[in-house]
Amino acid sequence: MRSDGNQSALAGLLLSMPAFVGLAAFVAMPFLAAVILSCTDAQLNSPLAMRFVGTEQYRRLLSDPMIRRALANNLVFAAVVVPVQTVLALLLAVLLELVPSGKRLFRVLLFLPVVFPMSLIAVVWILLYAPGETGPMNRVLSWLTLGGWEPRDFLRDPQLAFPAIILLSLWQGVGLQMVILSAALSRIPKELYEAAAIDRAGAFAQFRHITLPQLRNPLVFTMLLTTILAFRLFEQVRIMTHGGPGDATRTLLLQAVESAFDLQQIGEASALSVVLFCIVLCISVLQQVLLDEGRRS
Amino acid sequence: MGQGRVELIAVSKAFGARSVVKQVTLQADPGEMLILVGPSGCGKSTLLRMVAGLEQPTNGEIRFDGRSVLDLPPQDRNVAMVFQNYALYPHMTVRENFEFPLRMRRVDSRERAERVASIAEMLALTAVLEEKPRALSGGQRQRVAMGRALVREPSVFLMDEPLSNLDAQLRVALRAEIRQIQRRLGVTTLYVTHDQVEAMTLGDRVAVLRSGELQQVGAPQDVYSKPANAFVASFIGSFGIAFYAAEWKPEIGALQLGTVAAAVPDSVRSDRGSLVVGVRGDALCIATSTGPTTFLAPIEHIELLGSERVLYVRLPFPLWDAKENVAMGSGVAGTVGIRTASGTTAAIGQQLPLEVVPDRLLFFDHAGKALTSG
Amino acid sequence: MTTSKTFGAVVMLGVMTLFYLIPVIVMCVGSLMPDSRVLTDSLTVSRWGENLTLTNYRDVFERVQFGRFFLNSVVVTGGITIVGLFVNSLAGYALARFTFRGRRLFLFFVLVMVIVPFEAIAVPLFYLVSAVGWRDSYGVLILPFVANAFLIFFFYSFFLDIPRELEEAAWMDGASTSRIYWSVILPLAKPVFATGAILSFLFNWGAYLWPLLVTTGPEFRPLPIAIATFYTLPPLQWGDILAFGVLMTLPVIVAFVLFQRWFVESVTTSGLKG
């Protein structure tokens, strides 16, 4: 350490002060505010004084069927997107390794949707999901099934609306996961495969016993990252369906934003925010534990 | 510019409750190459960093040419340092690395160019002046690190294990080069290493450290032949040493070492009776005839070193019960390496007839302290 | 055997990529078609060439203040990125290299803040800024995102990895603290700053939730909100909407293609470090 101790202490404080103030004011304070507000019946722009209501907001959340549906949707989203997107990303990453040239081009093309704002993607996919036989998605499906597909109105169909949301989220998310896995894949020492080949391991055995174990941490990381994103699902549903039809595409964050922004119910929205945070916290902790475990072994 | 006398007076350093340097008093004369040697964690690097000004001693005094430098930051001490990992600025070319300390000292551009040219010439780096460090070989990087330190003509030159990242051959070559340059420039040099061979071959004097305490300072030959204690005896020397418990027998006027009676100098004929004998390979010779002073020892391990061969033997004497008997150099614990010409026949397991050379034996008390013969 | 495996991989990857790119193709082709043809023809390759037009692009500028939205996005994202790099890198450097009271506490605080998703604080933050009437300004769009726990930690771990000896060497060479920062640390940190800039840009360019809450009119509205609003603006003209989409992504795509190695590396290093 520096010998000029006092000067260094002062410099350290000064240099970290702006960041500290920023985090305290715009992350820590609102978070504490959420915890406090969630125990009140605060309303935006309301002349009524806010009252302390204890855990009532949380109890209301638990019994609200709309919230239950939202939570169920988030869970379904995670349950579908995490495995499907991981398998797709892994498949693409492995294919990318096998391609002799043009690897970079493919990587750029597949990564492209990641740099698109989600709101733009949502709008473009509204067009893709257009009803009637001229709708692009209907046409592709009809073409793939050799004309066996009956045109549907995806975003207004209670059965199809949420799967439609899931599909476009997959489309946007797979590139990121693929790129991370692909980088990890190219870092696996070639000697491992050579050693395995000498031990007479076939392509599948090599994948099973070398590739997958070597990719353990990137897989854990990306899968849990996707899980967290599943609980932050918002923009697509806000723009494309507003949670409808019925509550088919309602999510927790959409519910939080609508109760705060459209219904001015800050208390309820804060309670939802706290719940959301707790879920993300649990996943993050799980992620850290699993990653540490992987680094140790 | 000063002459470069460095004095450390009762210097101690503690990191929290952990004391890493304890009451070290040491002096380096102008132009001298002083080696600080010891096993890792003995505090030698910390000592060097305190001389550099990168660390402050907890206690004690550091003087350059009689003046205390404790209040001076490193850049005002006129010292230069070569780091173990070289710490070359990776984004600058070799030339820019050399120029950086000169720029910081506001040396004008003409003199800068001259000094850089002459140092590059001296270190055979002229051809790579425009390269970045990552394009250089290990040996070249090491020389750039030296050049960057030397270019501003410091009065004290510090080197922290500068050769430990190189392979064996380069190490030997650069060792000679460093010695030459240091002699030519006549700059006081403190050199830290954990390698006793480096210490013995490089230094005008060697300071042996252990657990933060100074064990002995002296010319390499003196430290080898007159170690202050059993630790120094075991740390210095390439082919191993073994320590045995022996008994002074006044009735026969000789030292009883196992079955062998050895004549010893007067100074160790104490009345204490029991003492410790340190035996290196050069205190043994292969006996040509058998007699009361000869004994047989089994060969446990053989090392070929080209022109010569080292036979590691286990002597049939009672071992001294202390941790110094764990091998420090090469060889197996409790064995002693005898150098022989490579033509001689020897096989593992063979019983070698040996004789001790009494005036090459080392004597210690049971605390490990040397019994001086002078 | 190897060639057939490679061939199979290329074909499979090619087909998957083609399907993957359909939305992008539809957007680009559709933006050049008269509005009435977008729905029927944007997937019909044989009719792509017929009477293409740039009128959609002209319409975008005539129907809304596209330039204004674009400027808003640039100012907000640029502001967050530039000020943020400065603030967060300094904090990371201080945490990695200086000893000061509360250092460990601050580090712990940063690590906790990394976990808090913005979505969980958007509502109370919205409540707080509304309470003081702070809306519709660049400040309210930029300031909450300047200090970023993830970036602080990102810089902190980078600075921690720079060998301390490098700074010590510069110090002994006679460089002052600020000189060490400018001449030794910053040049080494260039790639990290580039990575940080790209990540910050990716986090913020598409931001939707916060601007939705705090912008009420077109004056400070950034592109992601503008496109969603434009879609709801009657009459529904798909050609115009797609042209808007192309216009808002074109600069990003150009930057992305130019710096694609950086983009990909940024995302992977941040991902692999986790």
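So that you can tell them apart, the chains are marked A, B and C in the order they are listed, and the count of residues begins at 1 in each.
Basically, contacts are C-beta pairs under 8 Å (C-beta built on N, C-alpha and C of every residue); 3 or more make two chains touch, one makes a residue touch a chain.
Model, not experiment: these values are computed from the prediction.
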Other chains in touch with both subunit A and subunit B: C
A-C or B-C, whichever has more C-beta pairs in contact: A-C
Taking each chain's C-alpha mean as its centre, the one farthest from subunit A: B
Distance from the mean Cα position of subunit B to that of subunit A, given in whole angstrom: 60
CA centroid of subunit A to CA centroid of subunit C, Å: 16
Inter-chain centre distance, subunit B versus subunit C - centres from mean C-alpha coordinates, in Å: 57
For subunit B, residues that touch 2 or more chains besides their own: 53-54, 73
In the complex, subunit B residues that touch subunit C: 52-54, 73-75, 79-81, 83-85, 87, 89-91, 100-101, 104-105, 148, 152
Subunit C - residues contacting subunit A, complex: 5-6, 9-10, 12-13, 16-17, 20-24, 26-27, 30, 38-40, 42-43, 87-88, 90-91, 93-95, 97-103, 106, 109-110, 113, 115-117, 119-128, 130, 143-147, 149, 152, 177, 202, 205-206, 208-209, 212-213, 223-225, 227-228, 231, 238, 241-242, 245, 248-249, 252-253, 256-257, 260, 263-265, 267-268, 271-272, 274
Touch list for subunit C against partner subunit B, complex: 163, 165-166, 168-175, 179, 183-184, 187-188
Of all residues in subunit A, those that touch subunit C in their complex: 1-2, 5, 8-13, 15-16, 18-23, 26-31, 33-34, 37, 42, 44-45, 92, 95-96, 98-100, 104, 106-128, 130, 134-136, 139-140, 171, 176, 179-180, 183-184, 217-218, 221-222, 225, 228, 232, 234-235, 238-239, 253, 256-257, 260-261, 266, 269-270, 272-274, 276-277, 280-281, 284, 287, 291
